[in-house]
Amino acid sequence: MVGVDDRCMMIARFQPLHYGHFNVIKYCYEKFKEVIIIVGMASQSHTPENPFTAGERIEMIRETIKWAKLPLDKLITVTLPTLEVSRAAVHYVKLYSPPFKYVVTLNPIIQRIFIEEGYHVIQPPIVERGNYRGTVIRKLIANGSDEWKKLVPPPVAEIIERIDGINRIRMLYKEKLPGYYVTV
Amino acid sequence: MVGVDDRCMMIARFQPLHYGHFNVIKYCYEKFKEVIIIVGMASQSHTPENPFTAGERIEMIRETIKWAKLPLDKLITVTLPTLEVSRAAVHYVKLYSPPFKYVVTLNPIIQRIFIEEGYHVIQPPIVERGNYRGTVIRKLIANGSDEWKKLVPPPVAEIIERIDGINRIRMLYKEKLPGYYVTV
Amino acid sequence: MVGVDDRCMMIARFQPLHYGHFNVIKYCYEKFKEVIIIVGMASQSHTPENPFTAGERIEMIRETIKWAKLPLDKLITVTLPTLEVSRAAVHYVKLYSPPFKYVVTLNPIIQRIFIEEGYHVIQPPIVERGNYRGTVIRKLIANGSDEWKKLVPPPVAEIIERIDGINRIRMLYKEKLPGYYVTV
Amino acid sequence: MVGVDDRCMMIARFQPLHYGHFNVIKYCYEKFKEVIIIVGMASQSHTPENPFTAGERIEMIRETIKWAKLPLDKLITVTLPTLEVSRAAVHYVKLYSPPFKYVVTLNPIIQRIFIEEGYHVIQPPIVERGNYRGTVIRKLIANGSDEWKKLVPPPVAEIIERIDGINRIRMLYKEKLPGYYVTV
Amino acid sequence: MVGVDDRCMMIARFQPLHYGHFNVIKYCYEKFKEVIIIVGMASQSHTPENPFTAGERIEMIRETIKWAKLPLDKLITVTLPTLEVSRAAVHYVKLYSPPFKYVVTLNPIIQRIFIEEGYHVIQPPIVERGNYRGTVIRKLIANGSDEWKKLVPPPVAEIIERIDGINRIRMLYKEKLPGYYVTV
Amino acid sequence: MVGVDDRCMMIARFQPLHYGHFNVIKYCYEKFKEVIIIVGMASQSHTPENPFTAGERIEMIRETIKWAKLPLDKLITVTLPTLEVSRAAVHYVKLYSPPFKYVVTLNPIIQRIFIEEGYHVIQPPIVERGNYRGTVIRKLIANGSDEWKKLVPPPVAEIIERIDGINRIRMLYKEKLPGYYVTV
C-alpha cells in the first residue's frame, strides 16, 4: 500500500491551470508515487478572481495530465471550500486528504503555515514564473488578447473555449459594480 | 392561481433604492402579474457598502411602490443572506422564491449565471444610468452634499432621514480603520 | 407611513401551513395594519421535517390569504436561513424585518427569547390545536391517509398536489438511512 | 475528450465503504468511461455516525478499486462538506464535479432531488442489501464482533485496523454524553 | 513568562457548571500555573441542551473560582463557537488558546482527538460522577425538584436563580415542537 | 457579586496590541471592577491584516497587564469569530460576554452600533493616536524597521520575537498573490 512517505500534496486555485502549475505537477510526478492535488476555493466561481467552477478546474487538471502522457492513476483530487486563512486550515487539508508528508508549493504563506505544523515543504526547481500567473492570464483574456494561450497547456485552452470561458471572463471584468457581484 | 410564466424576479442590494431600481420595478410591474424582489446581502448592514439593514431596505421598496401608486399585492419580498458568488447561488434564489421564469437585471454577472441555468433574462428598456448608482449616492451623502435626494424616490429620502441614515453613512465613511470594522 | 406600533411579526416553519397558522394570521390581520410573516429555516427543504422549499411556503401563505379574501398588501414576507437557537437570533429577525413592536406566536421558546429582548408578545385567542400540527400532517401524508386535507386551507392542499408533494413526503419518510440524507 | 454522456456520479458517506458501495462502483465502472465519486459530509469525522475522515475514506475507495483490479484512472474523487439537505445541494455537486449526466444511487432522497433537477437517475441491479449498511457495520465494530470484516472489501478492513479505527469507533459509541461530543 | 509546560486546557459546555467540572478545575489549579477554560458551543443558548449563554457560563466559572478562594489571575477564558466534531476542531482550540501541553478531560472523544494530535491527556483523579451531569441537573430543574442545588457550587445556583434560569429551563423542556425551536 | 454596572467591554483585533490599546485598557481598569476584553476576528490568522492567532493575542493582553502591574483577576477574555459587520453582531458580543453596561472604544462604527442598541459608549481620554495603529506597526515590521518596538509594550515585542512573528509578517507582506492567500 502507498504510504505517507510516498505522497506529496499540492494546493492551488487553478484559475486557470497554467504552465507554472504544470511544472510543479510534473516535479511531483517524478518524485512521488501519488500526488494529491487540492482545488482551493472550490465553493467559489463566476467572480473576476475565480471565474471557473471546481469541476471545470478538475477537468483542466485531468486533461493536462493525459496530454502530458502522465499516468492518471497517481492523481488524487480533493476539493476544499473557501476558508479563512489560518493555521487551522492546514488541518482541513489534513482531514480531507489521505495522509502525506511532503508539500510542494511556491506560495510563501502556504509554505509558512505548513512548516509551522511540521510538514516537509519542498521548493520545486525554480522556473522563471514570468507571466505564468492566473491574474496575468485572466487580464489577457479580458482584454481580448490571444497571448494567454501560450501560457496554458493546450487542453486548458480547449476547455476554456468549449465552456465559453472567454466571454464569461470578459463579462466578469466589464462592469464591476461595487460589491454588487457578491450578491447572487 | 398565478403561475411560473406570470412572475419575474429582480435582485439587488438596494443600498439605497434609487431611480435606477425604480425603473426596473416599474417595468416588471407593467409586464408581469407578480414581481419577486430579492433583497441581496440581507445579512449585512452598517458597512460603507451596505449601510442599511434588510428590514430598512424592504421598507424602502414598499413605500416607493405605495408612492408610485402601484399595487402592493403584486409584490413578493424575499431576503437572501450574503453568499459567495457562484452558479449554485442561482439555486438559493430558486429555493427561496416561488417559481418564476423571467429575470430582469442590469448586472451582467447576474445575467450570465441565470442564463447558464436556463432562465429567460430580460433587458429592461435602457434608461440613462448616470448617477443612479448606490456608490454615487452613498458618497454624496458621506460628503455632505444634498444632491443625492434627486437620485432616490421621495419616500426613500424620508426613510433615510427618519432612521438618521445620513449620520450613519458619514460615520461609516469617516475613519475606515483597515479591516477593523469587520470585527464586530 | 405605517409605524412600529402598527406591525406585528409572526414566525413559523409552515411545513405545511395549516389552520393553526391560519388562525394566527387572521388574528394578526384583524389587529394590525401590516403583518410580517417570517418563513423560518428557509435554507432547508427535502427533509422529513422540512419537506417544502421556502418559495413553496411563501406560495402557501399568499394563496391562503387570497382564498380568505384578506388583502395581500398588508403582508410582508421575509425568509430567514436556519440558525442555531439563541437569543442573538432575535436580532437576525430584527435585522431582516421592518421594525415591529408585537410578536404573535404559540411557541414558548420563541415567546421567551423575544420577551427577554423587550418585545410585546401577544397570545392569540386560544384555539383547540388538536391535530393542527406540522408533524401530524406530514405523518398522515406519509401513511397514505387523506385526513390531512381537512387540516390545511384548500389552496395549501392544491399546491401540495400540484408540486407532487405527497410523493415527496412519502419518499422522505420511507427509507431514512441514518444521517445519510443529510449528505447531499 | 471524455464528455458529459460518458460520466456517472455516485455520492455516499462511506462510513466505511462496504460491499453495497462496491457493487454500485463496479456497476458504474462497467457502464461509464469516468466515475465521479463524491465523499459526502467530508467536513465531519470522529462522531459515532461519521467516524472516518474524508481522507481516510478516499483511501478506502482507491485501495478497493486497486484490489478489484479496476483502473484507477477512470476515478474522479470529490470532497463535499456537510450541507443542509435541500434541492440547492444538487448544485453544489454540480459545481464541484466535472459535468455528468447520470446519477447512480440507492438513496431515495438523493434520487428524488436529482430527478427534480433533470438528471438521469439509474437504479443499479438490485443486490440483496442485507447487512451492507454503515450503521450495521459500525455497531458490529462497537460491540466487539468480528463479523463486520465480511461486509467490507479486504483493503477497507486493513485500513481500519492500520489507523486503529476499531478503538476509535468503540470509544465513540461508549459514552455518548448528550450533545457533548459536538463541542470540540 | 508562563510557558507551554505550565498550562493545561479544559473544555466543556458548562450547562450548567457542576461539582464534576469543579473537581477538574481544582485539579488543574493544583498542578498548573495557568488554566485555560474553553466554553464550548458558545454560539448556542436557549435550547433544552444548552440553556445558558456563553456569558452566563463565564460568570458561573469565575464566581465558582472566587467562592473556592482560588486565584482568578490563573484563569484564561476562551469562547469557542459550535463546531462539527472533527479532528480539525483540535486546531481551532489551538488557534484560540495560548499554547498549552496538557489536556484534562473526562470525555473520551475529546481525549481521543487530542491524543491523535499529540497532546498529553491527563486523567483527573477519579471522582464518583454519579449525578454530576448536565443532563441530570437540567431534568431535575425541569421537573420542579430542588435536588439540583446539591449538584452545583452555591454561586452557580445563585446565578441561575438571578437570571430566572429555572423558568427558562422549564419552558424549554415543556413543549418541544419538533424541530421548531431550531427556527428562531 | 460584580454586577452589570461594574463592567465595561472593550473590543479590538489586537494585531498586535499597541500603546493605543493599552491606554484604553488602563482607562477601563481605573473606572471599572471588571474589564471584558473581546478578541475580534479570532478565527483568522496568518494574513497580512491579521497575522497573529487569537491565542497569541490573549497572551499579549495578559503579559501586558502583568507588566503594567495591573491585577489579572479583573480581566475577562472572550474570543469572537469573524462576523459580517451588522447590528446583530452586537448581540453576539452580548451572548458571549457576562452582562455589561459600558463600552469603551475609539472605533466609530463599533460606537454607532452599540449606541443604536442602547449601550453607554464612553470616549476614553483623547490620547494622540499618531502611529499607534496596527497597520503602521505591521508595515514597519514588514519593511525591516525596528521603530515598531517603540509603539508596543515591551512584553508584546518579546512575544512577537519569541514566536518569530517578524519573519511571519515579512513573508505575509512579500508576495501577495491575488486572493491566493485566502485559499488555504
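Note that the chains take the letters A, B, C, D, E and F in the order they are written out, and that residue 1 is the start of every chain.
Keep in mind that, in the parts below, a residue touches a chain if its C-beta (ideal position, glycine included) is under 8 Å from a C-beta of that chain, and two chains touch if they have at least 3 such contacts.
From a predicted model like this one, the values you see are computed outputs, not experimental measurements.
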{"item": "Subunit D and subunit C - chains in contact with each", "value": "B, E"}
{"item": "Superposing rotation of subunit A relative to subunit C, computed on C-alpha atoms, to nearest 5°", "value": "180"}
{"item": "Same vs different contact residues, subunit E with subunit F, by half of numbers used", "value": "same"}
{"item": "A-E against D-E, pair bridged by the larger set of C-beta contacts", "value": "D-E"}
{"item": "Euclidean distance of C-alpha centroids - subunit C vs subunit F, Å", "value": "42"}
{"item": "Interchain centroid distance [CA atoms averaged], subunit A/subunit D, Å", "value": "26"}
{"item": "Whole-Å gap separating subunit C and subunit E, where each centre is the average of the chain's CA atoms", "value": "35"}
{"item": "Residues of subunit E engaged with two or more neighbouring chains", "value": "43, 45, 53, 80, 82, 86-88, 90, 92, 94-95"}
{"item": "Arrangement of touching chains [line / ring / star / complete / other]", "value": "other"}
{"item": "Inter-chain touch pairs (all)", "value": "A-B, A-D, A-E, A-F, B-C, B-D, B-F, C-D, C-E, C-F, D-E, E-F"}
{"item": "Subunit D contact footprint on subunit E (complex, rising order)", "value": "11-13, 40-41, 49-50, 80, 82-90, 93, 107-113, 133-135"}
{"item": "Interfacial residue positions of subunit C with respect to subunit F in the complex", "value": "86-88, 90-92, 94-95"}
{"item": "Subunit D to subunit E touching residues, read off their complex", "value": "43-47, 53, 82, 168, 171-172, 174-175, 177-184"}
{"item": "Residue numbers on subunit D that touch subunit A, as the complex places them", "value": "1, 42-43, 45, 53-56, 58-59, 62-63, 71-73, 76-81, 92, 94-99, 155, 158"}
